[in-house]
Amino acid sequence: MTHTVAPGSPFPSDHLSTALADLKRQRPLVQCLTNAVVTNFTANALLAAGAAPAMTDIVGESGDFARIADAVLINLGTPTPEQREAMVEAAAVCQETGTPWVLDPVAVGSLAVRTHLARDLLQFKPAVVRGNASEIIGLCGGAGGRGTDTTDQPGDALDAARTLLTDHGVQAVAISGEVDLIVGATDHGEVAWHVPHGHRYLTQVTGGGCALGAVIAACLAVQADPVEAAVAGSVLWEVAAEHAAARANGPGSFAVELLDQLNSLAPEALASQGAVTCAEVAL
Amino acid sequence: MTHTVAPGSPFPSDHLSTALADLKRQRPLVQCLTNAVVTNFTANALLAAGAAPAMTDIVGESGDFARIADAVLINLGTPTPEQREAMVEAAAVCQETGTPWVLDPVAVGSLAVRTHLARDLLQFKPAVVRGNASEIIGLCGGAGGRGTDTTDQPGDALDAARTLLTDHGVQAVAISGEVDLIVGATDHGEVAWHVPHGHRYLTQVTGGGCALGAVIAACLAVQADPVEAAVAGSVLWEVAAEHAAARANGPGSFAVELLDQLNSLAPEALASQGAVTCAEVAL
Amino acid sequence: MTHTVAPGSPFPSDHLSTALADLKRQRPLVQCLTNAVVTNFTANALLAAGAAPAMTDIVGESGDFARIADAVLINLGTPTPEQREAMVEAAAVCQETGTPWVLDPVAVGSLAVRTHLARDLLQFKPAVVRGNASEIIGLCGGAGGRGTDTTDQPGDALDAARTLLTDHGVQAVAISGEVDLIVGATDHGEVAWHVPHGHRYLTQVTGGGCALGAVIAACLAVQADPVEAAVAGSVLWEVAAEHAAARANGPGSFAVELLDQLNSLAPEALASQGAVTCAEVAL
């Protein structure tokens, strides 16, 4: 990845098509320890994108599974005591084995149990943290949002994202919003990409953000650079959402169409110039 | 609300359209502690209706969340030990802060653990109890139904509903059936409304009743009168179901259409004379 | 059932249509202790097929419910400690009362907790074991698959299936694959049926196999012969999948169509000669 491109440069679209093609060809095994609300939708999103999901989140199994998984998602949406223990078990194995993992700090900052848990999990060095702006801020000590809703814009979370990169060894932070912002550290300093895709229906389907975390984990399994994986996962998800919204009559049919589009989206469709406008931005 | 209308008087349709418009404008935060089977569908139903769902049901968080929620649903469909404790935590905060909450006593009467739990929760004075006839009867000491299926008709549960109103401080009881019956206490005595809407497909989609409890909670957040909120939520749900059924080819497509219809149903559509026939009935 | 038919003989199609008609007429109560990922889809599949699902999996209730259930499914996809205890409670009641039950050993062989649990549960003599080839092999001491994915073909699991029949009192083993294989013991020796139906979309919808286990449980409730019930449930599921795939644009719309097709599939459609080609095979 060229980290020396000037602001405004487009994200290399062939990297997007390669990521999607690799997903479909390699069928990576993605372990998800995620919330009870979205576990079905998340598994279906991974299947549609080409990955093999496994929702193994039991103490005594989650660590063993992390040893064979190609990537892991830990999402804090409904963290029962059993799941909290299983998350630490899986994250510790990931750190030991170098398996890349994504932390999704749902509603962190505004709720105590998960906020403590998220900070404990940070020590196991997730490759990517994905959340809305209030969650990223909450993870770094800020106040958090209104439940799962953000009360901040992606740009407001830049300082918190930098803290995650510099103090906690996170390699990429994906901040969801109307325009997603992906921030990462490189040898040449920080890099940030705008992903100006998606559709408001994604905010009207529960798990619209949670499943994106899983898709980013799937991309991490096939692409070594966490920043590229986060961009590729975000573009794949948001562009599929645009295609789905064009065929939907509301949030119910949108969720169905989104799975169909994830399944049928051709790698070439992401590679064509103009179809994806994902530009590096100045920090 | 005019509680002195004669039997046969229609429910004021402008109250229905106001409730729906308020839902979409205020986007109330509705906390749900609900069963594992329907948590996804319930969250999506709330999003489609215009509310902001939060499925926070963890001990140590559920009470804190109830302090910021605009209304709370407690549904006993799959009450794990963790959830049972979290339900008591949330309900106690609701009583303390005056946050209105709905109790949905799924399969109460026929199963021991939840029956004891439901009776414990009653002391925290839910504003509304919603269930099928056997569940309402079971909550008051009767035998309950066949699993989640009722073996009684709404009218059979009138005595039990009265017990909830007079002995337990419940303000409205919503008894689901082919024709829903909403019973409440007023300064002038009891009032009951028939909601002769809906479609049999609602009984062929899991959570067809559970999600209604959440929609009633959302209406409680925007309408002070629990009887009005229960009627408004029921009408919104059942009329959306009628629109959805007209477009569906079976229970699968019905569930998808129902979310689309909840999202697109215009407040004016509920206000038009004749579209909704919801009449007060003699007790 | 005629167990003396020659290899190549078709499964009696009138038995299929009778099973489906009985499901819709008797509406059997099917208790499911299943994984968090698929509980919603499983309940909806049972409702669409004509059964009454109850997802009762709480300690202190699961055994009581098993006493009134017509059949029980125990699926090990996400076995929390609470669920593990509730599964033993339900299975013990099933053995005591003679209620037929299905064991679905999800990912058994590759994960420790559920592998021990599955072997414990075997002592309560499930009527049917349903799984992919690697799970059937894993249940009998083999290595298991790659998470929930099989790394073996149905035919590879024949020895393991025989072990379940002869050593553990299982009456039928349903091995899912591109062509499902149903193996059972009869007074005249072993019998095996091929079910060459289905669609690859079933592997792209999470719970495509888990819900089949529930449908087989529903068939067990209306058909005394476990081999016939397993064949009937498999044919019903796989033929509905074929109809659904013909109307779908991807895995999202396929899952919706599958519920619609399960609901509308007429018993006569299964009885017509040629529509279903399910043949006994030599062992």
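Chains here go by letter, A, B and C, matching the order in which they are written, and residues are numbered from 1 within each.
Just so it is clear, a residue touches a chain if its C-beta (ideal position, glycine included) is under 8 Å from a C-beta of that chain, and two chains touch if they have at least 3 such contacts.
It should be emphasised that the depicted structure is a prediction, and the values quoted were computed from it without experimental measurement.
The two sequence copies chain A and chain B touch through a face in which the numbers common to both fall below half of the numbers used overall. Note on chain B versus chain C: their Cα superposition corresponds to a rotation of 120 degrees, in steps of 5.
Computed from the mean C-alpha positions, the centre of chain A lies at a distance of 35 Å from the centre of chain B. Each of residues 36, 40, 80, 255-256 in chain B touches at least two other chains.
Within the complex formed with chain B, the chain A residues making contact are 35-38, 40-41, 77-81, 107, 110-114, 146-149, 203-207, 248-253, 255-256. Within the complex formed with chain A, the residues of chain B that make contact are 29, 31, 36, 39-40, 43-44, 47-48, 52-61, 64-65, 68-69, 80, 82, 255-264.
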